[in-house]
Amino acid sequence: MNEIMEQLKQIFKLNEFNQEREDLYFITAEKEQLVSLLTHLRDIHQFTSLIFLQAVDYIEDNLFQLTYMTHNYDKHISLGIRVKIDRQAAEMSSIHHLWEHAETFQRELKELFGIDFPGSPGIDSGFVLEGWEDIPPMRKDFDTVKYAEKTFFPRPGRKTHDPAEYMKNKLYPENN
Amino acid sequence: MIFGKKRKVVTKLENDGLKAEEKELFCDLPPRTYKGLGKYVEKFLNWARANSLWILGFGTGCGAIELRPLMTARYDMFRYGIAPRPTPRQSSVFIIGGYASIKTIKRIVRSYEQMQSPKFVIALGSCTINGGMYWDSYNTVNRIDYYIPVDIYIAGCMPRPEAIIAGFEALKKRIIAGKAEGANKYAENFSWYKANQKKIIKDWNMPDYNW
Amino acid sequence: MVNPIYIFITSLGAAFLLNLFQKINRKIADLIFFLTLAVINYISLFWFYQLLQGYEAAKIYTAGFLPPYSINLYLGIEEAVFLVLINLLGFFSAVYLYKKFREISIKAMILYLVLIMGLNGLVMTRDLFNLFVFLEITSITTYALISLEDNKYSLTAGFKFIIAGGLVSTLFLIGTIYLYRLGGSLNLDFLVNSGVLNTKAGILATFLLVFALLIELKPFPANGWALDVYQSVHPGIAAIIASASSAAIFFVIYKFIPLMPSSFLPLLAGIGGVTFVFSNLMGLKQTDARRLLGYSSIAQMGLLLAALALIMQFDNLQSLSSIIVIIGGLFINHFLAKAGLFWLAGIVQKRNIRSWKIIANNPPLLLVFGGFILALIGLPPFPGFWAKWELVMQLSANNMMVWVWIILAGSLLEAVYLFRWFGYAVKNTEVEEIRTEAAQYLPVLIFLLGLLYLGMEGTHLVSGADSIYVLPVLLGVILYVLNWLPNKLKGSLCLLAVIYFSYRLLPALQDIYQLFGVVFLIGSAVLLITTFARKDIFKGFYPLLIIMILSLGNLLQAKTSLQFFLSWEFITITSYLLILRGKFSLKAALIYITFSLAGAYLILAGMGLAFRDTGVVSLAGLASIVNSGYIYVLLGLGFLIKIGIVGFHVWLPGAYTEAEDDFTPFLSAVLSKMGIFGLIMLAILLGEPVLKGIQLNYILGWLGVLTAFFGALLAAFQEDIKKLLAYSSLGQLGYIVLALAIHSHLGWVTSIYLTFTHLLFKGILFVAVAGLLSRVKTRKMYEMGGLINNMPLTFISVLIAIIALSGVPPLSGFGGKWLLYSSLLEKGWYLQAGLAFFASTIAFLYCYRILHSVFLGQPKTALRDVKEPSVWYIVPQYLFLFGIMAISMYPNLILKPVMSAVSTYFASSIYWEDYTVISSLGYWNGNAVMMVTMGVFMIPLLWLLFRIKAVTKVKQFNIVYAAERPDRPETTHYAHNFFAHYQKALGFLARPKVTEFWGNIAEVIHSVGALFRQLYTGNGQTYAIHILIFLLISYFILGVK
Amino acid sequence: MTVISILGFILIIIGLWGMLTQKNIIKMIIGFSIIDTGLHLVIVSIGFIKGRTAPIISKAVEGLDTGKNFIDPVPSALVLTAIVIGLAITALMLVYAVKLFRFKRSLQIEDFEELKW
Amino acid sequence: MNSVTLILIGNAILSLFLITIWGLTLNGMVMKIVARVHGRFGPPVWQPFLDIIKNNAKRTMIAHGTMFFLGPVFRIASGIGTYLFIPAIFGSTVFSNFSFSGDVFLVMYFIFFGQLGMALGAGESGHPYSPIGVSRGLAQMTAFEVPFSLAVISLAVQYNTLSITEIVAAQQGSILNWTIFTNPLAAIAALIALLGMNMHNPFSIVIAPQEIPIGPPTEYHSAYLGMLQTNRAIFNIAKLVLYMNLFFGGATNFITLILKTFLIYIFTSVAVGVAFPRFRTEQSIRFFLKYPALIGLLAIIIVSIK
């Protein structure tokens, strides 16, 4: 793996490299270089499978982190490529030409995070939320409680407990 | 009290969700309320209905898993006259097996409306009662009875098959007592139900009358 | 009395003078030209008339010496006929060529006159050397005329012609001179008596003489040059060469027959036969219209030669009229039709036969073209038909069955390419107009009329014919003339005619014949109503239809086999022409006519055999034949092809599908019964024949049940509604044949009962489909759907028809099924019964398919506003529907007459008890079944009606769709490839093996044709070598020692 | 069979050979002419009777029994006609040759094979 | 209508009534027995009656069109008719029904009446599952009719009659006169066909509840469904009575009828049905056209040689 990293570093600008497990590595790439990096990994280093494409909302840093998880079936190594993109103008180049199923991931991200992938087929057709009108629900600035209360007729008298508190009170009532 | 004010069947809905060319493809007759045939006849029929409960399982969540054991030799729901049925047209009991998301509520409504009255609804698990553990989710409804009339709630997360059988027994009693008139309730408060449904279902591409 | 010598004097004189007159005025020259031709015509006509009156033949001696010291001419009745024809053709051809002549120069006219004179001379002269001179005169003028057309192709062709001609004249001259040496005379009559044939040298000399002449008749394969000539020269000249020159040479050969040793005749016949078959074979691949005509020309001359040589060999020639009919018929037919077609080729100006579609823009021209094609193929009412009939009869009578097959095979090949050509012409897709001039058009028309007239005259000459076909044709012509009337009026006239005809005909018919009369005529009458709905009926529709329907009637009242065959051919032609009107029916119609003609030829051959055995052409005479197996096979096969029995069914789906929608009902409901009628008639006359120890009816039965099975199976897999019904028709006919083959009282009752019910429900179905297709512009069932709301009336009738078809009680179809199984079990045909049952269950597959895919399921958005078809489609359906309901309620309405009709031939094996019909095995009470069914139907219906208040009527998308809503009707309508799993299980049986088989046969025949025509390399020298080889081989075959 | 007729036949065969094997149209025509000549010889030879004279009534034969001194006159008459016809055909063939040459600038028979099959 | 007809009709109604009750009870019993095989209690025996009452008492119904409305009517008419054309009990006037109307072929074809009508009704519902089910059903029907028809032909040859009454009459006397003993091959072929006819496993692809919810009648409900269920009972019993008559010596009284039909049903359909998985359509077609058809052919050949 390290050899691959060395080779990659000569070509691409890679920021971080860390090993999570014996067979799981993460690198952080530049947004602009991502597609060529993935192509390179797929075609040269046999990372032929895209396992998933995920996003994390770092609202504090005002950015989304996308994780492209690829897998090499010859060596049984998974390699996650992280890319950080701007949260305001969330847009990323599509990789549906590399893996057809990427378009589904991208549709999901578009709907749930509002990250656009121009050119990805069917990117604007809904994924699970039919006719969602609010801000994308997976963004951290979306207040789901408020939304639920506003929308879903909460049953009056429902009590909500903090599980930790509740269990503590129930199991060790003497402590209170 | 949900039905604090007595609502009449109000103005006919216009199938707004449909495209113009699709309107001809769907029925546009509003629901009607039905009276029984007379006290004793109806009593007899209710008894028959109560002992021939054909269920349509709407397996949205964990409830679907709890329904399966019912059919097995261990719990054997058949001995109570309960049998599964694959299509809403022929079923009389609608079991909503857990939390209902916005996406599924659309299908729940359509399936419910496609059942023939008298029809009964069993809401299984706490999610259907008040949203359960998903009470604050952005896409899980909290109270299923705002969207379709519910006859019996079976509380629990999840209720065991025994609980479900108990629920069925309760439903039977209710039917025999002539109280399970959810279909009529739905018809009487049709526009209210529709309004609730449409409030959460944003792309309403269904007809208003799913018979 | 005008001396025939004036023919030469006037034409030669005029030819010399023309040049002079031209110097004065071209117009005068032209006038004189035509005047001369007219004079020649006058002389020949005059002599023809005189000779007919019984005057003595003219004998002309030059310079007054008697032969052998002089050249003598002879003008008898035979010569007169040929002279008249040649001169008439000469005149009309001149009219036709006039424009061309004006273009070239006066020389052409001079040459033309000399050519005509030469031909006259050829016919009349009795002197060998004189013959040579005339031969050379005609040849040289022809070469010159060819060269006048100054284009490369005609010049090459002309040069090849000269080479061949040179060889011919050399051989002819050698033959002549040696005959002179041996016989001491050049006079034909003297030579015949001189005994030259006793010597080897004499025979050799005669051989050279005769075969030199023969080469002028273009025998296969020594005829490459002729084809090139036909293809390239001006059609007017080609007409002269093909008709007039060939006629003259043919006559010369005829004159030589007394001179020939008898061993020549078989060879001549053989050469003629080979030429006929091979030319037609090679014609199959030809796409150039004129070369095609060349092939046909050569073939016809071959046929003529063969016929002549064969007739001369007959031991017992029946009568002179036979010869006249055969030779005269064939000759005149070819003479007029070929000339006419060459002229047409000149008018149309298109080389490729595919481009002839422009002719459809000009209906009169198309009519003429069709007439000539029919004449050439030898179909009624043209003289060729009588000739072929008589030829086959006489050949059979003289035990020359091989020749019958050769001639029929050749005719079939010819029919294929000619009809293919005609098909291209009918299918008009272009707007290009043909420029016609009266001068060109008139001769063509006159020749066609001549053909028609002579065809009519033929009726009197052939034994066993009478003019039963006149009425249909007459009515057809009248309707054609009345074309300006509105369609509905014409249709009503047609209907009235049919009704009146049946009113006259039906009471005169006996038992089974009468029943078939009802099927044919009343069925047609009802179906005729459908045609009222059409607005764009083409001109010939009603005329053809009336000819067809009335001919069906004639079929029933035919007393002689000729009448039968004549009516049969009329029906075949008219139905072919009607099928051809379908939009994409080109291929289907060609296959139809090919199979139909093949069937007809089998029938013809069978009738020939019957004639051999009985010596009479009366149908009743068939009954007296002892060893009738072969006849039964031939006739039966002919009828079965018309039915479309499995193995010969390839024509059926295409024809049914591609015919116009309102004609298909006729095909299925009425015409298909023709074959059934034929089979029944055959069985009445011949009983149960055995061939080589095989019960033929047993085979027939298996054929029937296999047809039923495959018909049903194939129908189940069709997407095209008409094709589905076509295969269904096929299957139903299979049952009828099966029942017929049982050959018992019950079997025949079944067969006729099925015939009736099939008429009723197939009538409904095809009319309903016609109506449907008039609204829905697709034949694919899966593109329809849900039409029950749009056309409820059609749905009801289709529903009833389907129930009747599938044999479900209580409707009439069950009666047929019950009778069928009863009769099969009674006969002991258990396996057939099992297979028939299987077939009838498979029938459910397609029955349901029609109803569901078309009328039920999801209506398509595009078809939502479709209306019920016009009332003219509804009326016949409901008339038939009424029939179905009536015989369902009271089966004895139809069963009793059928039983009593069949009782004429068999002792009855079923009897009645009130409404119950009882067979030896089971019983059936149609009335009770109906009542019980209605009763048990009413009870639940009443309950549902009691609950009707609870019912909400919903729309098409209100279905349980897994809690979703359907998206589009197209994706929700389950109709395409409906029985996919059935295809998986039994699809291997439905693979088009038979179609492939016939396709391969057609392919092989075409390839063989293509192979043989490689002989014609286009090189003049090769052609000359062909001639030499031909002579050598002929000589060796003759084995002159 | 006289020598002349044998000669005639030899000529015919030579001509035939020429006509069938030579590719040049002019040569073919020449072949045809040779056939013609041979043919004429044959015809004349048929009528020839040894020791007799030509059937021309002139002073030389005056008084003789013409029927016994002349050869058979018919073949001679025939040959005259045949010569005329042969000439005509040869002329026509040459005309054709010229016309054909104009089209193709060629006299090879293989060059005129467009029409076939 | 004269008194003879009236008596006939009265008899038929009585016979039909009794047989309906027996049919429904039989269904209930079978459900119970199957449950016991599974190790369950199973529904009460009277469950079919309750279901029918409930379905008929549904308050709402929908109709997709006239044919849809009439479909169940066709179906039940066919069921009743099929039964009424069979003489149920040998020698009984009440149970001879309308068997004077026709012979065994009438019965065989009358079965199709309902199938066609039902298929049409289902077709008009516009639901794709209906035609899918119909196409499977029709396809399978063509296949199982082959051994059945061969068996019937074999019987017709054996007894030289098509009349059911006479076939039964020929089997009287001794148990050894029953067709199942005199012509075992025909009986076997027909009994295998019965499996297909009853659409039990392994031939239940038609109604395949999991994939195409109960097949053709997927859109039928309420009173329609009630009628279909009634028909299921009547039609089932009609088939059993037919088989009893053809192969098992018929019945001379109602008790025998009950016993025989019960046993035939249990030992053929149910016993096989609970033990086998399901064939695909083309598999079941191939199956029926292979061994059962061959057995049927053999039956014919043997009989006709005799």
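When the chains are written out, they are named A, B, C, D and E in that same order, and each has its own residue count from 1.
The rule is simple: a residue touches a chain if its C-beta (ideal position, glycine included) is under 8 Å from a C-beta of that chain, and two chains touch if they have at least 3 such contacts.
If you're wondering where the values come from, they're calculated on a predicted model, not measured in any experiment.
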item: Shortest chain-hopping distance from subunit D out to subunit E; value: 2
item: Chains contacting each of subunit C and subunit E, listed by label; value: B
item: Chain whose average C-alpha position is farthest from subunit B's own; value: D
item: Longest centre-to-centre distance from subunit A, chain (CA-based); value: D
item: Comparison of C-D and B-E (more C-beta pairs in contact); value: C-D
item: Chain whose Cα centroid lies nearest the overall Cα centroid; value: C
item: Centroid spacing, where centroids are CA-atom means, of subunit C and subunit D in whole angstrom; value: 50
item: Subunit B-subunit C separation of Cα centroids, rounded to whole Å; value: 73
item: Length of the line joining the C-alpha centres of subunit A and subunit B, rounded to whole Å; value: 37
item: Separation of subunit A from subunit D, taking each centre as the mean of its C-alpha atoms, in whole Å; value: 107
item: Sites on subunit E at which at least two other chains make contact; value: 58-62, 213, 218-219, 222
item: Where subunit C touches two or more other chains, by residue; value: 950, 952-954, 956-958, 960
item: Touching two or more other chains - residues of subunit A; value: none
item: Pairs of chains in contact (touch as defined earlier), listed by label; value: A-B, B-C, B-E, C-D, C-E
item: List of subunit C residues in touch with subunit D within their complex; value: 129, 133, 136, 139-140, 143-144, 147, 150, 152-153, 155-159, 162-163, 165-166, 169-170, 173-174, 176-178, 180-181, 186, 224, 227-228, 231-232, 282, 285-286, 1013-1014, 1016-1021, 1024-1025, 1028
item: In the complex, subunit E residues that touch subunit C; value: 9, 56, 58-67, 69-70, 72-74, 76-77, 80-81, 84-85, 98, 100-106, 109-110, 112-113, 115-116, 119-120, 123-128, 131-132, 134-136, 138-139, 141-143, 145-146, 149-150, 153-154, 156-157, 160-163, 213, 218-219, 222-224, 227, 280-283, 285-286, 289, 296-297, 300, 304
item: Residue numbers on subunit A that touch subunit B, as the complex places them; value: 126, 128-134, 137, 142, 144-145, 147-149, 151-155, 158, 160
item: Contact footprint of subunit C on subunit D as seen in their complex; value: 12, 16, 19-21, 23, 25, 28, 32, 35-36, 39, 42-43, 46, 74-75, 78, 81-82, 85, 88-89, 92-93, 95-97, 99-100, 103-104, 109-110, 112-117
item: Touch list for subunit C against partner subunit E, complex; value: 786, 788-789, 792, 799, 802-803, 806-810, 814, 817-818, 821-822, 825, 828, 830-831, 833-834, 837-838, 841-842, 844-845, 847-848, 851-852, 856-858, 916, 921-925, 928-929, 932-933, 935-937, 939-941, 943-944, 947, 950-954, 956-961, 972-975, 978-979, 981-982, 984-986
